[in-house]
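Next come two complexes, and both contain subunit A; in the first it sits with subunit B, in the second with subunit C.
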Partner chain A sequence: MNPWVMLAFPFAQHAFLAASFVAAAAGWIGFYVVLRGTAFAAHALPKIGFAGASGALLLGVNSLFGVSLYSAVAALGIGALAERDRRDVATALVLALGLGTGALFLSLGNLYAEDAMSLLFGQVVGVSALGVMETACVSAAAVLVVAAFHRVLLFTSVAREAAAVRGASNRIADWALLVGLGLATSAMMPVVGALLSFSLLVGPALAARHLVRRPWQAILTSVTLSLAVTWLSLFLSFALGWPVGFFVACLSALAYAIARAASRIFDRRPLEGMA
Partner chain B sequence: MNPAIVFRDLTVSYGHRPVFANLTGQIQAGSFVGVLGPNGAGKSTLLKVLAGLIRPAAGSVEIDGRPVKRRAESIGYVPQAVQMDEDVPLTGRDLVGLGLDGHRLGFPLPTRRRREAIEAALAEVNALHLADRRIGRLSGGERQRLLIAQAIVSRPRVLLLDEPLNNLDLASTQQVVELVKRLAHEGEMAVLLVAHDVNPLIGRADEILYLANGRMAMGPIDEVLRSEVLSDLYGYPVEVLRAAGRIIVAAGAMDGHAHAVSAASPEASVMLP
Partner chain C sequence: MTLGWIQEALASAPVQHALVAGSEIAFLSGLVGAFVILRGQSFAGHVLTDVGTTGGAGAYLVGLNGWFGFLSFGVIASVGMELAGGRTRGERDLATGVVLSLALGFGALFLYLDAQLAHANASMAVLFGSLFTLDPALVPWISSLAAVCAAAMLLIWRPLALASVNPELARVRGVPVRAMSIAFMVVLAVAVETDALVAGSLLATALIVGPAAAAARFVSNPLRAGVAAGVLGAAIVVASVLLSYDSYNWLPQHTSWPVSFFVAALAFLAYVVPAAARRFGVRRMAEVTEA
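For the complex of A and B:
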């Protein structure tokens, strides 16, 4: 169907709005995810959120509530374990626990394959007006948490000990990012799904760091790219009837590949000029 | 004149392994102190204790008459060997700005005062031309200068530099040492600079703090780098040789063999036939 015509329908408008909020939050938070190398946690939290959603469906409560609770607990768990062990180990452990309980919920519950599919791959056209509001609030909360600690996140990433002397705590920065990530996950799950929200968190942010060299520029670029990827994905999904998540994953990777190529060409120019 | 740093009876151990015990000393504002000693002597540990990053098992540290605490704007610290991701989207200007207000919440406001403070710090270390380069893509020496700018931008009373001369060529070494001397003398900062070679410090550092064997000796270069003092510190004969204005420290020739030598500690000595 013609995507422009579809935008006249409320369900498509809702999808467009919800996806935009999610994309902006993902682009912003992705900047810190890439900066601090927490991609594995960004990869794990949505999967754990999926387990939370299946638990919520089992109990018959709002699945957004299940996702939020589960990813919040998981984020705090990773943070607490990472203080003693390496963060990737802590993340793997929490991920395994989350998926294990998720498997239990799925087998106990009468979750239909459709429900599971929409949680895993997103069900963007199923978002209600209330859902749009919820998504907007949770996305905004996620961005507020990381933005509040913007400087601390930066300082502790590039010069941890110098930052500690000035009172910028690496531990607080870690917590802030994990909480922001947990919130962003909750917002993204219903829209792009558990499996593919990772690509929106990492692709645009990785592309941005190749294109610009200052932090606020990188955040702006990452948010812009994330929005562009999402809008284009929605458009293609409406036009072709394929899942949004597929296009989000492909276009995020494409954005990164193009940005890398562009920066290579850009960086090489002075050398060619000299020759 | 009141000292900028006073430490008394400092004892530090990691687990059960003692690093040093009962170090006592003081450093005046405006003085430049070179910290020397073999690998593992505890030079970095001492700097971290003075910066408030490590709590000593016993003893106290006072900066400007007050006990050290975290969130000390009066301390500038540059750690040993800072690793940086090549692609990190941060310029020299951003890094120096973090030294000014990197512990605060939210985003920095682009005020004129902030910009001028950053420019001044960059100018001080001769790094204005690095202001808009990515920090991950600078050479070791260039990055070192930006890290020093980051440490001094908040106008600290105490500057702690852990091996800032590593990876620097002779010219850059001279430049950084001259810069540090100027910061100490004109900026009235107490500066501790950890180094492995004493020679760049000759004629520039006011004092030497020599750490070895869990103990320290402190004083002007000529008083510390003497055979009696270092032999006492190490607990075995150590010779200090002077040739053409340079100083060389060697493990003593107890067995009649000559030893090839290191510029600051006998540990690195190699026996020659």
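For the complex of A and C:
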């Protein structure tokens, strides 16, 4: 179908609006994810959110509520377990438990194939006007959390020892990022789906890191790229009828590949001249 | 309460196949898992499951058994990840992440096309496991592959442990560190991708990391930790299969609870309960000494 024609319909407009809020939040938070190298947590939280959404479907409550609750508990769980054990082990275990309960909810609710697919890969055309409002609020909250801790997040990532001496706690930074990620996940899940939220978090931000040096420039570039990737993906998805997530993943990877090649050609090194 | 249902379960052929294949692969997973934890490769292990999703979904699309898709994609990805490398763990994780998201994108497309072409159950089998519908012809293949991989691990565990903990020292001692990590990644891929049959590609990580993390709390020698984790993993799978079989009668609407749920829940319990018990025990001891 012609995507320009589709844009006249309210459902397509809602989809574009919701996806834009989500993309901006993902690009912003992705900057910190890349800076701190917490790819695993960024990958795990959306998947756990999927379990929360299937639980909400089973009980018949708002899926945003289920995703938020599950992401929040998972973020706290990962944070708490990581204080006693290795972070990646803690993340893997919480992820497995979350997904296990998700599988149970799906089978108990007889929600198989179709519902699971839309949760995993996004159901962007199903967003209502109220859904757009919810998405906007949660995305804004996610950005506010990380923005409030911007200096701590930056300082503890770039110069951990110096930050410790000056009293900036790495633990607080970790928690802030996990909470921000959890919130962003709740906003992203219904739109791009659990499996591909991760692409949007990491791809544009990694690309931005190869293109510019200063933190604020990197955040702006990352947000811009993320928006561009999302809009183009929605457009292609409307035109071809294939899942949005597929295009999001391919275009994010493409953005990263191009940025990396460009930084090679112009011989710029990521974020090293900054400190 | 009688235990007649266990006999009844054991008499059924799909349950027998599930128990045999599942416990063997769980043993291998525990063994490999101990080294995954030692080497800090939980994320790599998890990535392999996601890449496997793409392979499994692709295999259904062209009409092959999902296992071949899981396995081929997993092995290729594992070698690729090892060769791509990276200077620090964070950077390696991020580079891995981009490849992963690309693979997931294609997985999404394949699953979508699977659903369009009326293999509606294929996507659920790929994502959530298909232990009870295992093709009996595959059981001997899975068994022998698991046995070969376990034997290989037992053969190389000592130099592998050294190369994992202290690569420089290993190199001085003449251990081929690079070849060692590639070999390990291939074995990891076999274990992870066959777990995907048991618990689904979403949950294969549970069997790798869960039992091994639990064992690592009590045993420090990597081989002993691996064997303990393997036995624990096999026990978890056996219990999960039986519980899933019995769960049909638990709720009035008669739905079997998925094997993957029990695997994940038991693996998590195996990790958390000993830790909690130990902490509680230590506190009690401290109170006694103070008194």
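The definition used in the following text is that the second predicted complex is superposed on the first by the 266 of 275 C-alpha atoms of A that agree within 3 Å, B and C clash if a C-alpha of one lies under 4 Å from a C-alpha of the other, contacts with A are read in each partner's own complex, and residues count from 1 in each chain.
In this text, contacts are C-beta pairs under 8 Å (C-beta built on N, C-alpha and C of every residue); 3 or more make two chains touch, one makes a residue touch a chain.
Keep in mind that what you see is a predicted model, and the values were worked out from it rather than measured.
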Worksheet item: Following superposition onto subunit A, is the placement of subunit B relative to subunit C best described as a clash or a fit?
Response: fit
Item to complete: Take the Cα centre of subunit A as the vertex and report the angle out to the centres of subunit B and subunit C, nearest 10 degrees.
Response: 90
Practice prompt. Quick one: name whichever of subunit B and subunit C touches more residues of subunit A.
Written response: C
Discussion item. In the overlaid three-chain picture, which partner chain does A:P243 touch, first (subunit B) or second (subunit C), both, or neither?
Written reply: second
Discussion item. One more residue to check, A:W175. First (subunit B), second (subunit C), both or neither?
Written reply: neither
Discussion item. Looking at A:L195 after the superposition, I want to know if it touches subunit B, subunit C, both of them or none. Which is it: first, second, both, neither?
Written reply: second
Discussion item. Taking the superposition on A as described, I'd like to know which of subunit B and subunit C A:L104 touches: first, second, both or neither.
Written reply: second
Worksheet entry | Which superposed partner A:D88 touches (first subunit B, second subunit C, both, neither) | second
Worksheet entry | Per-pair minimum CA distance [subunit C against subunit B, superposed on A] in Å | 7
Worksheet item: Common interface residues of subunit A with subunit B and subunit C?
Response: none
Worksheet item: How about subunit C: which of its residues touch subunit A in the complex?
Response: 37, 40, 42-43, 45-46, 50, 88-91, 93-94, 96-102, 104-109, 111-112, 115, 120-121, 123-124, 127-128, 200, 202-203, 205-206, 208-210, 213, 251, 255-258, 260-265, 267-268, 271, 275
Worksheet item: For subunit A, which residues count as touching subunit C in their complex?
Response: 34, 36-40, 42-43, 47, 84-86, 88-89, 91-93, 95-97, 99-104, 106-108, 110, 112-114, 116-117, 120-121, 193, 195-196, 198-199, 202-203, 206, 242-243, 245-250, 252-253, 256
Worksheet item: For subunit B, which residues count as touching subunit A in their complex?
Response: 48, 51-53, 70-73, 75-79, 82, 84, 87-91, 94-95, 98-99, 101-108, 132-135, 147, 150-151, 154
Discussion item. For a test of understanding, state which residues of subunit A touch subunit B in their complex under the given definition.
Written reply: 35, 147-152, 154-155, 157-159, 161-169, 208-210, 212-218
